[in-house]
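Below are two complexes that have subunit A in common, paired first with subunit B and then with subunit C.
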Partner chain A sequence: MDSNEFIKNFAAQFDDTDASEFTLETRFRELDEWSSLNALAILNMIGKKYSVVLKPEEMKPTNTVQELFDLVQSKIS
Partner chain B sequence: MNPFSLTGKTILVTGASSGIGRAIAVACSQSGAMLIITGRNEARLLETFSMLEGDNHQQITADLTSSVELEKLVESLPKLDGLVNNAGIARPLLLQFVENEDVDDVLQINALVPIHLTRLVLQHKKLNKTASLVYISSINGNNCAYIGSSIYAASKSALTGFMKGVALELAPRGIRANTINPGMIETDLLKSGSIGEEELEKDRLKYPLKRYGKPEEVAYAAVYLLSDATQWITGSNLLIDGGYTLQ
Partner chain C sequence: MNAYIKAISYFLPEKIVTNADLVKEFPEWTVEKVAGKVGVHQRHIASEGETASDMATQAAEKLFTEHNIDRSTIDFVLLCTQSPDYYLPTSACLIQNRLGLSTSCGALDFNLGCSGFVYGLSVAKGLLAGGIAKNVLLLTAETYSKHIHPKDKGNRTIFGDASAATLVSTDGFASIENFSLGTDGRGAENLIVKKGGLRQQDAINDLTFDESGNPTSSDYLYMNGGEIFNFTSEAVPVLVDEVLAKNQLPKDNIQLFVFHQANKYMMNYLRKLIEIDQDKFYFFLENVGNTVSSTIPIALYEAQKEGKLKGNVLIAGFGVGYSWGATVLKCR
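And now, the complex of A and B:
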């Protein structure tokens, strides 16, 4: 699983935040436009792109892109 | 004679291997009907079968999305007094993630299978006079909508439109068609989805009656619509939603 690719896919779920602002350290819950709709979009993205079905509860403890990346990675391997 | 009894009636229930379909099959058997149940999962269908009261029921494992299996099922049927089109799937996805396959699968199982099954039982003359056709639709797509379920909504409102045409066309023979529009029901379909328990609990509280429905609460409505008590009800949508769409 490529982290740059993951950041790109992650960033694509936001409309107002520029894609270039996203890194593994980004604390996505603190973004101005963060909402439950982004959360659903990210869960759908992970399901479609990585074939990993995450429940919202599993995603809840993650705050940075890195933490979410690690969670998805752990479900793949 | 109890007008709510199903004694002497032969009723086909699709998607009977779990959830609402299982509850409908069981409730119909308790009301005296002879059941033919179908589902895709043989083991779970057998489980439903073992829960049925009374004798002479039949179970047929079939994938109704296969036109060959659907036709075979219909040919093997006795004359029916009731048909409950219940089999359905949900696939929560925001529209931007929906692919061809998602649209095809949801419309196929939720709308096309009931349409073709209805058409085939008619063409093969498997409906008795005064038969009752019941379609398990949803509040979703008919009375309200949800985020991440536009295709499901499309499939369920398609079912409602279809039911109306059928109701009008078959009325001269005394055959009735109605939908049931349930709100959220506690089933495995719900638990297997991508919705967490915490979200579910929050959502339950949005219902004025403060809980989701139980499968048997939909089943009792199906028994009602299948019974002779409702011989003058056709083309209707029976809302069972704990008050959700009042708001």
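And now, the complex of A and C:
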């Protein structure tokens, strides 16, 4: 799993925040436009691109892109 | 015989709930942010005792006046609602009488939500093609506000009540072309009001609140946002491809896409997924919210007023059931 690709896919779920602003360290819940709707879009993206089905509750403890990346990675391997 | 949309009118109940009203009720919640995201600034709500059939009657009266339509020519009434007055009789029969329509007029209700307008057009087209009717009054009317728990701030932000009246006839401004329809009852549990039908007639009283204060109860409207999101992002791109194929049209030959106005974020998500240009994608929910089966006729009415209903217009509805449908309108 490529982290740069993951960041790109993650960033695509946001309308107002520029894609270039996203890194593995980004604390996405602190972004101005963050809402539960972004979470739904991100879970949908993870299902489609990585064939990993995450429940909203599983995503809840993650705060940075890295943490979510690790969670998805752990489900793949 | 081809079927056309001849005229559309819509009705909004008088009572308005603004975002400021919701802020007062839920001071701890970020109403403005959420409302901005779903793209709704205010919604109209039916008053106590005002039902979907009342609103459908009002929309039909508006249609007759606004477009100078002789009500005696109506020979079929279709009412799409999930909020009927009674188990029986059918609300469409009550409406026939209240509108003073001919007693030789056919009338029936059908129970669908966000896909209802497209399904209504498909039935109306069939009635015309079969030589059964010449002027079908298609009514869509919904009062989800009566199904939503008062503390359910999310759904109260999104949904509004409204009704629309559409005349489908042998001539008109938009020819109704080929349809693509679909159903998957496996999704039934994800958008449901359990109480009130014969499987569960009495209240279950199983109300719980999650840590954010959101209520879940079998006695009120329940929507599993995540599942609905996944369903629409799976079904709608396929639906659009199918209806384009059935009409032998490339996507570039569609001048305007009018989707069910679910919420702005979801619609924009679908727009990007299907790769539709922003200027070809119509939004109208800021002042009315998600009005379920009336979102598409209301949007068509407003798009026509703006002069945007020209050429091929693709309409698509999707939601509760699951149920989905799309067609192309060839507009003059």
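A few notes on this one:
Throughout what follows, the second predicted complex is superposed on the first by the 77 of 77 C-alpha atoms of A that agree within 3 Å, B and C clash if a C-alpha of one lies under 4 Å from a C-alpha of the other, contacts with A are read in each partner's own complex, and residues count from 1 in each chain.
Assume a residue touches a chain if its C-beta (ideal position, glycine included) is under 8 Å from a C-beta of that chain, and two chains touch if they have at least 3 such contacts.
Bear in mind the structure is a predicted one, so any value in this text is a computation, not a measurement.
When the shared chain is aligned, subunit C comes close enough to touch A:S35, but subunit B does not.
Once the two complexes are overlaid on the shared chain, A:D15 sits against subunit C while remaining clear of subunit B. Of the two partner chains placed around the shared chain by superposition, neither subunit B nor subunit C is touched by A:L24.
Once the two complexes are laid over each other on the shared chain, residue contacts for A:L71 go to neither subunit B nor subunit C.
Within the superposed three-chain model, A:V52 lies out of touch with both subunit B and subunit C [touch as defined at top].
Taken together, the two structures place residues 37, 40-41, 43-44, 47-48, 55-56 of subunit A in contact with subunit B in one case and with subunit C in the other. Contact residues of subunit B toward subunit A in the complex are 92-94, 96-97, 99, 147-148, 194-199.
Contact residues of subunit C toward subunit A in the complex are 33-34, 37-38, 225-226, 229-230, 233, 263, 265-266, 268-269, 272. The touching residues of subunit A, counted against subunit C in their complex, run 12, 15, 33, 35-37, 40-41, 43-44, 47-48, 55-56. Residues 37, 40-41, 43-45, 47-48, 53-58, 60 of subunit A touch subunit B in their complex.
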